[in-house]
Structures are given as structure tokens and as C-alpha cells.
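The structures come next, written out as C-alpha cells.
Two complexes are shown next, each including subunit A; its partner changes from subunit B in the first to subunit C in the second.
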Partner chain A sequence: MLHGAASPDNKNGGIKVNFSIFFSMLVNGLSMGMIYAMIAMGLILLIRAVGVLNFAQGDLLMVGAYIACVLIMDLSLPFYIAVPLSLVLYALLGLVFMLATYWPLRKASYPVAPIIATMGASLVLSEGTMILFGSWPRIISPVLKNAQGKALTVNLFGTRLQVQFLLIIVVAIVAMALIYLLFEKSYIGIMMQAAAQDKPTAELIGISTLMTTAATYMLVVVLVSIGGYMVAPVYTVTTSLSSLNLRAFAGTVIGGFGSIKGAIIGCLLVGVVESFATIRFSSYKDAIVFLILIVFLIFRPQGLIIDKVADKA
Partner chain B sequence: MDMLKKAPKAGAIVAFLVLFSLAVTWKMNNYTVLVVNMALINMITAYGLSIMLGMCGQLVFSGVAFMGIGAYITANLCSGRLGFFLPGHAAVVAAVALTALIAWAAGILFLRLKNSFCTFATLGFVQVLYVLFLNYEPAFGGPKGIPEIRTLSVGGFVFDSYKKWYFLLLGIVLLIALIVERIRRTNLGRSLASIRDNEIAAQSLGVNIYRTRVIAFVIAGAFAGLSGSLLAQHNRFISGDQFSFAKSTTIVIMSMLGGINSTPGIFVGALIVTFLPEVLRGLDKYLMLIYGFAVIIMMIFMPMGIGGAVSDFLKTMRRKHKVKS
Partner chain C sequence: MIKIKELHAYYDLIEALKGIDMVVEKGKITCLIGSNGAGKSTLMNSISGVIAHKGSIMVDGQTEIAKKNSRQIARMGIIQVPEGRHVFPGLSVEENLQTGTIVWHGYFGRKSYEAELEMVYELFPRLKERRRQLAWSMSGGEQQMLAIGRALMARPKVLLLDEPSMGLSPLLVGEMFEKIVEINKSGMTILLNEQNARLAMKISDFTYVIEQGRIKMSGISAQMQNNPQIAEAYLGKQAAAQA
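Moving on to the complex of A and B:
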């Protein structure tokens, strides 16, 4: 189910790897890596802003996929209404998430408390959707369809690829670039950074840390939920989407905790390794991803790219 | 004077344990005792976490991984898979020793890392071992697990009922709790607390941070190995899915609920977390949802857990009492 139509026969093992399979594996891997990168970017933004390691990131992605599924499949809203509406709902979800798991805990005497709270939130989100929608996976129609309403495919270098994989890569790059620009270049972004670096001083010069924290959470959840919507046609909409979280963690650490660029590279690496690992060691692919993580932690704990705020984490 | 102040607390704990044991012996059916036993086994791992997270301030997930290692070592030694049977108590000793050794090797690698990095390394460790447990047939029995593990017997006395196991496990848990309390009051415990509260200050006072953290990690690993070994001999069957990441979060939540720095608190926390699914059996569907909400609400109102809340309450009561007199 993971790699959809592109590689249905790799379960038998021992298939010959020709260029076509290699290329489709590469594209699959890169697109999954992009999804991990979106989760990872959100993770780092939260760590920078409030110092909280968010264990519910994957569940937020899953809820995002369910929201898109309800709007598009159940209510059959047209695309141009469904997309802005889902973005608004994602932002609201982020606000609620912030008010529940961070704001009451920001002055907790024990720094691990907000992290444990995100573990609780992870349970609430995954069990809540399980109760609402059942554990049966749901199908969401891909964004780009052919005349029969099936997933559109293209021929690229003699390889048949699902367009959804390419779309994931494009959308992920655009979304991450927009959020990066917002944080690094806009006035609001600079306010958020100031609040992240030194809360009391930021409060002194009139920045409302409530506003900046809320904005950060909303942006993070929107980013992650877009990832959920993009990955849903490939993976189907199920509660097990939340397990993507752990692989995004692995990519984040491989890349270097404080650096968004590093995390994106790390996540792409995880995606590609995982994709190629399915060819030969299907049942061990998670072990391989996390072994790479441990090897990186031992030999290069600072990650691929070192960032100046890395020590915040 | 100090002894007098402590006496009512110790008395309350002993009274609770006696009442609880009486309830277990006379009032509970076999299944409920099984649940209590599982809580006691998990508690041993939770006490290990309490050393790492509570005393040292380092969140680690590796407890469940070491529990798995201890369990599989015992399973291999006591199920005849290797062509021989080791007596149960020898297997426990072997499992604890080997797990401690592995924890030492892992600790040397992982504890060079700080805070979240270390957390992630242990998270990766749990995932790798989980996949290995589930898939690698020669050592871990693969997806079918390892059945037919012999139950523990010491000197002709066979622990063949859950009630017999209960008293053994309670004894072991009390011993572990006493060890934890003892560690808190030793040089090691104070070094760990100093690392948790201010690493730089600790270093300037001559605390070897790396070594102290590795020692704590090995102790936590040995506890987890013990609990895994007991789990294997108690259930007589183990499989990989008992040692998943979800189980690690359960252990973490258990210790946080009870109060990460409170030894009696963890006892209560583990009992509550293990019993909640049984008490709310009718609400099966909503159980984990309620559980998640409970965790968030608890973190908001009492981040130091039940133990922390109780000791805060006692402190304020004592202060009021002093003001009056």
C-alpha cells in the first residue's frame, strides 16, 4: 500500500532492479522524504519558538488528511472552496492544539511536562479520529485525475509514475519555501523569532508572545496538515498515518536539530533509504532507518548542518 | 525527630500494602491478579526511568528495549530453544547481568549526547530492537514470539499461580523501591540531582557528568532487564509487540502520573495506568481518548504527578499547622 501503483511487485523480493524501478523508487522516496521534511520543519519551528518536542506531529498530519477527506469526499465541496476552508480549519486546529498543550503549561516547573502533554494530545487525536471515523482506511481521490477519475500517471524517462508523487514534491517545496520566507524575511516572522529567542525582552518591546506563539502553532499545523492532504491519496486515509512522525524525527536528527535545511536533507535521505530498503529488506526497513539515525548520532551528533541556534534544542 | 516525622508516612505505606495484599489474596479473581502482576512488572521499569528522568532529568525511552532484551534472554535460556534449560533464578541473574552490560555499551554511546538528542537516540534504539524482535527468527522467534517458557521455581517451590507470583513481585518491587530511595540519598543520587538542576555548577563542583549519567543509565537498564526477565517467566510467552514504542510512552506516562520523583507515587501511578482499562471496560472505545485527556489535564494541574501533589498538600498543611501553633 505504501508505494502505491508504482511498485506492486516488490513484495516478492529478489526482483531485478532496472533503471525504471530505480527511478520510480527514487521518486517515491523523495516524495515521502518531502512529507517527512514538512513534519520536521514544523518540529523545528516549534522547538525554536517554545522548546517543545511535539510528539503529536504525525497525528496532526493524520487529522489534516481526515479533514480534507471529509470536505472533499463526504461533503463533495468543489476544489476551490474545499482548499481555503481546509486551510482555515487547519489553522483553527493549530490554535486549539496550542491552547490545550502549551499555553497552560508554559510556566510548568518541570520542563518535560509540555512534552508529555503532546504525548497525551497524540492519544486524543488518534483515538478521537478512530472513534469518529472507524479504523477502516478511507480513500480520497487524488488532486489530479485522468478521464476515468483514476490517479493520473505520466511517462518520465520510460517510467510510469503517479503524478501525485510529483505533486507532493512540488507542493512541499512551495509550502516550505513560503513558510521559510515568512519566518526569515517578513516583519511578523522577525517578531516571532524575537519572541522565540528572548520572551521577556520581546514582551518588553511590545511583542505579544501569545500572538506569536499562536501564529507559530497555526503555521506549523497548516504545514503538517497540507502534508497529510498530499500523502492521503497515496497512503489512503487511516489513523496509521501518524506513524510517519517517528521517521520525520529520524530525519530531523540526521540533519541536525536546529537547522531546517539540514532536517530537509536528512528527511529526504530517510525517505530514499526507506524506499530502496523495501526492495530487499521489506520487513527491516524501519530498523535500517533507525540504525542510520543511531550511527549518525554516534559519529556526527551535531547533524549534517550545524546551526547557530542548535543548542536551544 | 526526623524519624518521628517520617513514621506516619511509612506507616501509611505499610498499611496500604497490607490491605492491598489482603484484597489480592481474598477478593480478587485470577484475572485481576494477573493485571496487578503486570502493573508490578511495569513498575520495575518505571523505577528505572525514575532514576534517569526524575533524578537526572534526562527523558529516555530505552526502558522497554532493555525490558525486551531481558525477556528474550530469559526466554531463550528457559524454553529449551537452545537445547538446554537454565533454572529460573539463574536465568534472572544472567538476564540482569547481560542487560546491564548491553545498557553500559549503549549508554557509553548515547549519553555523550545531550537532552533531546539523547531522547531521540533511545527512541531509535527502541524502534530498531522492536523491528528485530518482530522479524528475526533465530534469536527472537520472529512474529510468532517465544512460547513455552518455564515458570520460575526456587528450591522446589514452583511459582505456578498468579497469587504466588504477586507476593514475589511485590517483594521485588519493594526491594527496588528501597534501592531507588537509597540511591536518592547517596553521592550518586545527589550528583544526578545536581546534573538535573544545573549542569555547569555540577561540573564545577567536580561531578563527572558523563560517568554519572552512564551509571544511572546502567542501573535503569538493569532494572528493566529484571522486569523483562520476570515478565517472560510470568507470562510464559513473549512476542515483539510487547516491546513497542507505544509501550515506552505508557511507561513514561505511568511514571509522570505517579510523580517522577516520588517512589510511592510511581507505585500508585503504575497501578492506575494498568487498571484504568479494566475499570473502564464498558467504555472500551473511549478509553484511550479519556486517557489522553487525563494526561494533558494532569500535566496542567500537577506536573509532578500524584506524588508531587500529595507532598505539596502535606507541606501546605504543615505550614498552616505551624502558623496556628
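Moving on to the complex of A and C:
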């Protein structure tokens, strides 16, 4: 399902790799890598803003996919209503998530408490979704369809590709670029960075850390939920979408926790390696990804890219 | 400008301030001197609303701020330059200055702060040279300039300077104090907490001596400088002999 465009034939222990297969594997890998990168960017923004490693990141992505599924499939809302409405719901989800897992625990005497809370939230989100929607995977139609209502495909360099994969790459780049610009260039982004770096001083000079923290959480959840909505048509909507989190973690460790740029590169690497691994070892692709992770942890634990100041958002 | 009555402050069960009465006059420099742990910084932090306190702090004879939090107090124009500078390390000089404007700008505001920026750069030309540099990479003196500059961006009515000379070389301390006088000459009310008692009394109009959470003495700085008791306790034996 995941790599439907060029499903490998494993009967003879592998297939011949021609350019067409190579290219479609590359596009699939990059698009999955982009999904991981969105998770990873959100992960790093939260670590910088509040020092919390969010274990519920994948579950938020999964809930994002379900929200889109309900709006588009169950309520059959038109696209131009469903998209803004889902963005609003994603932001609300982020706000509720922040108020539930971080705000009451931010001054807890046990500083790991908010991190443990995200683990709890991860369970609540996945089990809650299971109760509401059952364990059967659901289908969501891709954003772009052909005349028969099937996934639109294009021919690129003699290779037939699902447009959804290309769309994932474009949407992910746009979403990540917008969030990057918001943090780096806008007035409120500067305030959010200041609050991330030194909360008592931020409060002292008049910045509301409740406001900046809420804004950060909302942006992060919107980002990963968009990832969920984009990946759902090629993956089906199921609670196991949350496992994408693990590969995003792997990509972040490979790229370096201190740098968003590094994490994005690491995640793209994971996506591409995973995609090519399916050619020969379809069932062991995760093993290969985590093997690379272990190699990195042994030989370059600081990651590919290190930022000079870790707290520069 | 600020009138403090019967101010008590606590760290858990320890009473750090035991009933302070003092006045910060408009347009003047008022300084706090006293030994380490006397309660000077606690007093500053009580005014800016950072720590728990009891008593009355009146601003302009009409607004009680003792119950307000630090953000509300900052929005009233009472801006503290925290001890140890506390600039935002990962932001550039200009971005740090930008954060100072939040009290009157608002998160989604579009007001221009060019005039404030120009004023700060004129006072500290060094900051203009380094406007794109990240704050962590600057020297202690430059960071102190930045911390004061950031406070000035807030269009303050009262500036609370908490140990601006901390960790600076003697030469830089002199320079910093000249700037403080310059800021005061433009009409700014300043409350200065300073270890360097001699310098503090030299530039200030009023001096309060704090000891063990109480005001021990107070008066016009020029007279206090010649007070033999102060000379002996805070300026050293030699000065005491001269006085």
C-alpha cells in the first residue's frame, strides 16, 4: 500500500532496478521523509520552547488524519471548507494538548513530569481513537483525483508517479518554510524565541509565556496534523499512523537534535533508505533504518549538523 | 513616583524584607546600597512583582501595584534590568531590543519602533555596530548595554537597574555609570541597586542604606557620602579617616 507505485516483486529475492523504479523509489522515499521531517521539526520546536520531548507527536499526526477523514469522507464537506476547518481544529487540538500535558505540570518538582505526560497523552489519543473509530483502517480519497475518482498519476521521466507523493513534498516544504519564517522573521516569532530561551526574563519584560507557549504548541500540532492529512491517502487512516513517530525520532537523532536543518536532512535520509530497502528486504526495512541509527549513535552521536547555539530557534 | 510602605518579602519561611518604607522621586536617581544579602535585590524584585511580598507600593500616588504580576507592572512602564543582564542568548542584538517593545506594541501590532531603536543606538553606538550579532557572543559590558537598551525600548517611566556593574572591568563600570547619568538627564526616574557604594552615591540624588532587610539610613547622597558611619561600613577605612 505504502509504495504502491512500484511494489517490489520479492518472489525471486529482489528485482532488477531500472531507472524508472529507482526514480519512483526516490520520490516515495523523499515524500515519506518529508512527513518525518514535519514531525521532527515540531519535535525540535517543542524541545526548544518548553524542553519537552513529545512522545505523542505521532498520535497527534494520526488524530489529524482522522479529523480530515471525518470532515472529508463522513461529512463530505467540500475541500474549501474542510481544509480551513481542519486547520482550526488542529490548532484547537494543539491548545488542548498544551493545557493538558504541559501547563499544569510546568512547575512540577519532578522536571520530567511533562514528558511522562506526553507518553500518557499518546496512549489516550491512540486508544481513544480506537474506541471512537474501531481498529479497521479507513480510506481517505487523495487530494487530486482522476476522472474515475482514483488517485491521479503523472508521467515524469518515463515513470508513473502518484501525484499525492509529489503533493506531500510540496505541501511539506511550504508548511515548514512558513513556520520557519514565522519563527525567524515575524514579531511574534521573536517573542516566542525569547520566551523559549529565558522564561523568567521574558515575563519580566512583559512577554506572556502562556501566550507564546500556546502559540508554539498550536503551530506544532497544525504542522504534524497537516502531515497526517497528507500521508493518509497513501497509507490509509489507521491508529498505526502514530508509529511514523519512531522514524522521525531516528531521523532527528541522525541529523542532530540541536538543528532543524540537520533533522530534516536526517529524516529525508531515513525516508529514502527505507524506500530503497523495500526493494530487497521489504520486511526488514525498519531494521535497516534503526541499524543506521545505531551506527550513528556509536560513531556520531551529536548528529550530522550541530548548531553553535542550541537554543537558537 | 513610587512610594513604598511597610514592605515585607519572603523566601518560603525566611523574611527577607522586614518593613521597608522608601520613596523613589520622579526624575531622580535613587540608589540602594548595602552588603550582600541585605535585601537590595529582593526589594527590586518586589517592586517588579517577581517575588511574593506584602505591603503597599503606590505609583504616582494613585495606583497600587503590590498585587500586580510582573507583566502588568512592566506594562505600567516600570521596567527592571535584571541582575546578571539576562539578554536572550540566541537572538541578535536587534531582536533583543525588539523584545523590549512588547509592552506597548502587542503581539500582532504594526507600530514602528524605529525611533526607540535610533535612540538606543545613539546612546550605545556599540550596539549598532553589532546589531546582527547573537547576544551570547558579546562581552559582559556589551550585554549590559543591551540589557539596558532593551529596557529603554519599553518606553519606561521608571528604570530599575539591578547591579549594572556586576562582572564589569573598572573602566567599563565608569563608562556604564556615565550612560546611566545620561539616561537620567533625559528625565528618566531611576532606582539603582549597586555594590559599588562610592560610585552609586556619587551619581545618585538619594541614597538608602539597607541592612538585614531594613532601611538603616537614608538621605541626600551628597551628605551621605560624608557620613562617617557609612564611610566606615561601605567605603573602607581610608575613606572613613578622610571623612
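Structure notes:
Here is the rule we use: the second predicted complex is superposed on the first by the 300 of 313 C-alpha atoms of A that agree within 3 Å, B and C clash if a C-alpha of one lies under 4 Å from a C-alpha of the other, contacts with A are read in each partner's own complex, and residues count from 1 in each chain.
As a working rule, contacts are C-beta pairs under 8 Å (C-beta built on N, C-alpha and C of every residue); 3 or more make two chains touch, one makes a residue touch a chain.
All of these numbers come straight from a predicted model, not from anything done at the bench.
With both structures placed on the common chain, the touch criterion links A:Gln197 to subunit C but leaves subunit B unconnected. Applying the stated contact rule after C-alpha superposition, one finds that A:Asp286 touches subunit B and leaves subunit C untouched. When the two complexes are overlaid on their common chain A, residue A:Asn155 makes contact with neither subunit B nor subunit C. Set against each other, subunit B and subunit C touch different numbers of residues in subunit A, with B touching more.
In the superposition on chain A, contact of A:Ser76 is made with neither subunit B nor subunit C. Touch criterion met: A:Ala250 reaches subunit B, while subunit C stays clear of it.
In the superposition on chain A, the residues of subunit A contacted by subunit B and by subunit C overlap at 313. The touching residues of subunit B, counted against subunit A in their complex, run 53, 57, 59, 109-110, 112-113, 115-117, 119-121, 123-125, 127-128, 130-132, 134-135, 245, 249, 252-253, 256, 260, 285-286, 288-289, 291-296, 299-300, 303-304.
Interface of subunit A with subunit B (complex): residues 47, 53, 55, 100-101, 104-105, 108-110, 112-117, 119-128, 131, 246, 249-250, 252-253, 257, 283-284, 286-287, 289-291, 293-294, 297-298, 301, 313. Taken together, the subunit A residues at the contact with subunit C in this complex read 187-188, 190-191, 193-194, 197-198, 200-208, 211, 309, 311-313.
Across the interface of their complex, subunit A is touched by residues 48, 50, 69-71, 74-75, 79-80, 82, 86, 88-91, 95-96, 98-100, 102-103, 105, 107-109, 134, 136, 150-151, 154 of subunit C.
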